[in-house]
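Next up, some structures in structure tokens.
Here chain A shows up in two complexes: once beside chain B, once beside chain C.
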Partner chain A sequence: MNKLKKGMVLVGALVITYVVFKILQPSRFGSLSSMFILLQQCMISVIMAYGTYFLLEMGAFDMTLGANAILSAIVGCRLSVIFGLPGLLIGALITGACLGLVNGIMTSKIKAPSMIISVGLVIIYESLGLVVMGGGSTLRIDSQFRGLGMAPWSIVISLMIAAIIFFLDRYTCFGVHVNAIGSSEPIARSMGININKTKITAFLISGVCAALMGVVNLCYNTTISAATNLSSTTTVFQPLMACMIGLAFKKHMNPIVAILLGSFFLALLQNGLLTNGLESSMQNIFVGVALLVVIKVTSNPRRYDVIK
Partner chain B sequence: MEEQVMVHLQDLHKTFGSTKAVDGVSLDIDKGEIRGLVGENGSGKSTLMCMVAGLLKPDSGSMTVEGQPYAPQHQAHANDKGVSMIVQEVNTLAGMTVAENIFVGHEQKFINHGLRDLKAMFVEAKEYLEEMQISGINVKSDIDAYTLEQRKLIELVRAAHIKPKLLIIDETTTVLSQKGRAELYKLIHKTKDSGNSVVFISHDLREVLDLCDSVTVMRDGQLVDTVSARGMSENDLKSLMVGRDLVGSYYREDYGMLTSSEVVLEVRNLNCPGKLNDVSFELYRGEILGFGGLSESGMHNLGKALFGVEYNTTGSVTLEGETINIHSIKEAIKSGIGYVPKDREHEALINNADILDNICITCMDQLQKGVYLSPIKKKNFAREQARRLNIKMNDVDQFVYTLSGGNKQKVTLTKWLARGANIFVLDSPTRGIDVMTKAMIYDLLTCMKNDGCSIIVISEELLELIGVSDRILILKNGNISGEFVRSKDLSEEDLVSCMI
Partner chain C sequence: MEQRKVLSMILVIAMFFGLTACSQTATVEPSPEIGTTPMAVKDPIKIGFLHIGETGGLAIETNRLVDYVGEVLGVEVVYGGALTSVDSVITNAENLIAAGVDGIIVCNFTEQSMVNIAKMCEENHVYFAQYFRTLTDKDVIAQLEGNKYYVGRTYESEYDVAYKLGMELVIAGSKNVALLSYNHGDTTAETRYKGYRDVFNENGVKIVAEEWDIAADGGAEVASNLLAAYPEIDGWALISSSYAPGVRVALENAGKGKMPIVGVDFYDSMEEDMRDGYLLAIGGGHQASAFYSFLMVYNAINGAYNSANFPMDVQDNILVLKNYEDYQNYKKWYVGDVLPYTAEEIKAMTITFNPTHTIADIQKAAKAISLEDVMTRHEGVVK
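Showing the complex of A and B:
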């Protein structure tokens, strides 16, 4: 009963957000068509959120996701000119996988917080993006690939990723090992779980997802330009927040569903604030506060377990 | 003859820092035998068995199981070789289901065409629970939903499901109720009847004698003796465990000295769910008050509670007539309480800061002028303070993690001395410390006492308590179970009888 109730918090938050904005801006907010556009955008960013799920569960952060998405999309875009669709997809995914692998290996070899290591790597990947770009400031994808970024394909792709993550989480040893490491790394190690291997695999998955998100996003926006000065990290936060919401609700509902709901909740909130004419800095304050509230409502740590 | 031996340990060594936890132990455990393993806290029995179960790697020495060389890499590996252990601490993984906890490290068993067969896992976990007649546990539920005892029983199932050749049970009975104990005993006898062996570690000597065929006694990391349980009495075992005389000059030698009758600290009805029950006592000026008990008796929590670090405490602490907030560390420090925790590495020191900062951290308010904190003043202050306890260092800018255990402890003490605290709560002050520093700390305690400081010493070492305390309170299951006044005739047996 309690489980269901807590799970409903998220759905409730969605409904309340919608209703409040609808009342505030009955004509400008919440039409079916605008909700559909919102859903499409949210479906793209949720790919990245799913990718980072296993990492976040183990307490690892990958700030390179944004840079990875851009670099992979640039590589894919250039290859698509020569090889068409296979070039676009395979080129991007292999790039993403390689970057993920590098992240994973670096994190397991350098004994420092993954957050810091990955910020170092972001600088490298962003610059690599500039190099692969060649001279121009933006790349344009051929219009024949645009469908990939639109419904139904974008939705199909993200649902596919959702299914794969769900499957890995529930039906493979990998999923159990991630859970175990997230719960207690020392105990997991003593049970013979290979910590490094599990972490590197998780980074690999997040790399591939980031690349896929990059491609879909490129097809949706039609153009891409390289990022500099860590600007790519801003794209990481929304998926990261969606994923945190997913993890916060893990006990009460399926995290894969929760991530999707969380992602949509954040998009809805931002869209609603935008239609109410709030400037972007104010929007971000609201989004940040909303995230904190949601997590506070759901997290109820057993304090006596913390200190022995 | 050789077929008789299930597990053979040859000259095992394990050192933690400067402490020899296990020092050259060789041991045979026969097939179909229930072996008790007893010794004081810190005698190395848990460390020894953790090495057998693959939780720790021995520094040197070798092991065999049924004559085959055996060097477990981790717990799951040990399980494959037929050795499983139930450890003292809670060892379940939060946020995972009961079934996942039972089979963690053995998931391979349920992989079917690359898929995890959840149904089979749940069914098998349920069978194990039913086989051991443990009811009221849903294998699909999150493990957090269950109490400590239930989680321990789940660990029991985890240890038993591999049908171990050697089952090690470390200090598990204390958290189990009568019913849970019955299950545990059943499991032990079943293991014995199938020709396998059990090692049973407990402080409850009566239980050990009732249950075991033979008992091995350890002291200071070494084997004392292995005796048959038949015809042994608890007292015989105790004297084997203790087995040494008081070392005179090491501790204080004054007896019958009068302490002041002025109450400095008055504790009334201190409660902490599951850890402390209505603990009340007084601390007098210039008194060294010892607290003893088993490690889970609540005495370590008591120290934390007095300093405001423990959660969920209720009750009152009155300091020289003024009631202080027992949830505020800040107030405790302000009132002149200094606390030296048991876990020096994690709770007492900032390891990646220098000695200077570690010492000055308690005295910032005294050192700063307005908002300005003079580095020179800080350095001089730290140097002066460090000299008081003769900390072995190059200079105060040396990092704390480079120091030995004894010197780290000196830094911890210095930071409270520097602040001018007058009530000290010292939890296991000589744990893992070399003999020289130990003697120095004992001298320091006497000095502090003479200066009018009041000191609470919480220790698992009974000799230490007898040696330094003016008065000793024994805790058992969160209650005060005995009080002893300093006397020449006080023996460890007296204290132990109140502890267990």
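Showing the complex of A and C:
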């Protein structure tokens, strides 16, 4: 019963948020069309959120995901000019996988916190993005690929990723190993689990997801610019928050569903605040506070004790 | 032990050459003829450039023009890090001074940061000038008053350009406008906002929604949300036109069709947006701002000006492109193979090549610059 109650906190938060903003702005907030726009937006960021799931589960952070998404999208965009859709997808996914692999290997080999290593790598990836851009400031994707960034394709892609992550988490040794490492790395090691291999695989998955999110986002926005001065790290925060919500509710509901609901909750909250005329900086304060409240209500206090 | 001796010898030799190189001053016979030989050049001059970034149309063209003027005048341009935050401007200025630059041109984040920069420059005898910016804060002005190294500033009439662009929306028949901007508190953003607000108030246009602090790539998301919440929106006034591609995407995704967009600062894909009729008018092309400040600092280093006249003001024009033909002309005449000023024209604005140079030369050039001005001056030069 308690489990069900806590699981309903997220659904309740969604409903309350909707009702409150609907009362405040009855004519402007919450129309079917605006909810559909929000769904499309959150379906893009949720791809990255699913990618970070295994990493966060193990207490690892990857701040390069934003830079990865941008660099992969730039490479895909360039290749799409020559090879069309295969160039866009394969080019981006291979780039994302390579970057994820590099992150994983670096984190395993350099015995330092993943957060610190990834910040160093962000600088490199952002600079690589500038190099691949080749001097111009913006790349535009051919209009024939725009459908990939919009419903129904963006939703189909997100749901496919959700299904894959669910399968990996629930039905593979990898998922079991991730859970074991997340519970206690020393015990997992003593059980004979290959920690490095599991972590590298998790980074690889997150890299591929980031690349896919980059492609979908590129197709949605139609243009992409290289990021500089660590600005790509801001891309990571929203998916990271959605993933944290997913992990916080893991014991009470399916985390894959919780991540999706969490992502929609954040988008709904921001949209409601925007409709009420709050500036972005104030919106961020509210979103941050809401995140803390939701996690406080449900979380196991030990989960975020150690960030490796 | 042997290795240490060798290393010590190398260091001594390096230091010797370093010292003798620093003491050299290349002196060339003065020439009254403009654009031939410099009068007396302190060699090498290093000017630090606190640039606005490496991406974005304005940043790329600004950097290109500064690189070019450096090349023409034989000045080493030292990039001091992009403008990212208040702290970064000050830290980057510190680093440039530590790197031994003779002058700095800076686009400051806030006016308050100029107090720190001015103090550092005065202590280290480094000339400095602002570009894209002026000072409006009385406290800051008072603190910089009398600084012998604050050569001046080049700035644009941000108010006027926003007013002109807003008027284009009025003429196009917009009645309910959405306004998108970057951070509150930025002098440029606030001045542009006033320009838009005044022209809309005077002509009965309502700003139905305004959103600030938007990230450069956040236009699509914010515009989508605004379109859903404010279906009456029929025009977009952008403090920075970097949001224009996002607004276009939002309009297309929402099936709203074309809606007039105006904004300040040129961006890369504006050609498509102008051609396709999404971008009604755009202000920008003021990359020469850094160029003028560069010349001011260069001339100050070479003793061209009386510091009693500091700070000197240079006001340049922001171009306003109203149609695709304007854009084609801009592309051909302004950012093509030949930049807004040729090497000869640049030299004519420096004391080293033109002994009769005064600040009025730069002020006149900045005030006159426009698409028509460049097309007239470069007729026969640009093909």
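Operating definition for what follows: the second predicted complex is superposed on the first by the 299 of 308 C-alpha atoms of A that agree within 3 Å, B and C clash if a C-alpha of one lies under 4 Å from a C-alpha of the other, contacts with A are read in each partner's own complex, and residues count from 1 in each chain.
In this section, contacts are C-beta pairs under 8 Å (C-beta built on N, C-alpha and C of every residue); 3 or more make two chains touch, one makes a residue touch a chain.
In this text, all values refer to a predicted model and were calculated from it rather than measured experimentally.
**Student:** If you count the residues of chain A that each partner touches, which comes out higher, chain B or chain C?
**Tutor:** The partner that reaches more residues of chain A in the superposed model: C.
**Student:** Report for A:180: first if it touches chain B alone, second if chain C alone, otherwise both or neither.
**Tutor:** first
**Student:** Where does A:111 make contact in the superposed view: on chain B (first), on chain C (second), on both, or on neither?
**Tutor:** The answer is neither, since A:111 touches no partner chain.
**Student:** Could you say whether A:37 touches chain B, chain C, both of them, or neither, answering first, second, both or neither?
**Tutor:** The answer is second: A:37 touches chain C but not chain B.
**Student:** Using the touch definition from the top, say if A:188 reaches chain B (first), chain C (second), both or neither.
**Tutor:** A:188 contacts chain B only, not chain C.
**Student:** So, does A:130 touch the first partner chain B, the second partner chain C, both, or neither?
**Tutor:** A:130: touches chain C, not chain B.
**Student:** Could you give the residue numbers on chain A that contact chain B in one complex and chain C in the other?
**Tutor:** None.
**Student:** Taking the touch rule as given, give the residues of chain C at its contact with chain A in the complex, in rising order.
**Tutor:** Going through chain C, the ones touching chain A are 53-57, 59-60, 82, 84, 88, 183-184, 209-218, 220-222, 224-230, 245-246, 248-249, 253-254, 267-269, 272.
**Student:** Note which residues of chain B are touching chain A in the complex, please.
**Tutor:** 54-55, 73-77, 89, 91, 93-96, 100, 104-105, 107-108, 111, 114-116, 118, 142, 144, 273-274, 304, 309-312
**Student:** Taking the touch rule as given, give the residues of chain A at its contact with chain B in the complex, in rising order.
**Tutor:** 170-173, 175-177, 179-180, 182-184, 187-193, 250-251, 302-305, 307-308
**Student:** What does chain A use to touch chain C in their complex?
**Tutor:** Those in contact with chain C are residues 25, 28-29, 31, 33-34, 37-38, 40-41, 130, 133, 135-138, 140, 150, 220-223, 225-226, 228-229, 231, 234, 270-271, 274-275, 277, 279-281.
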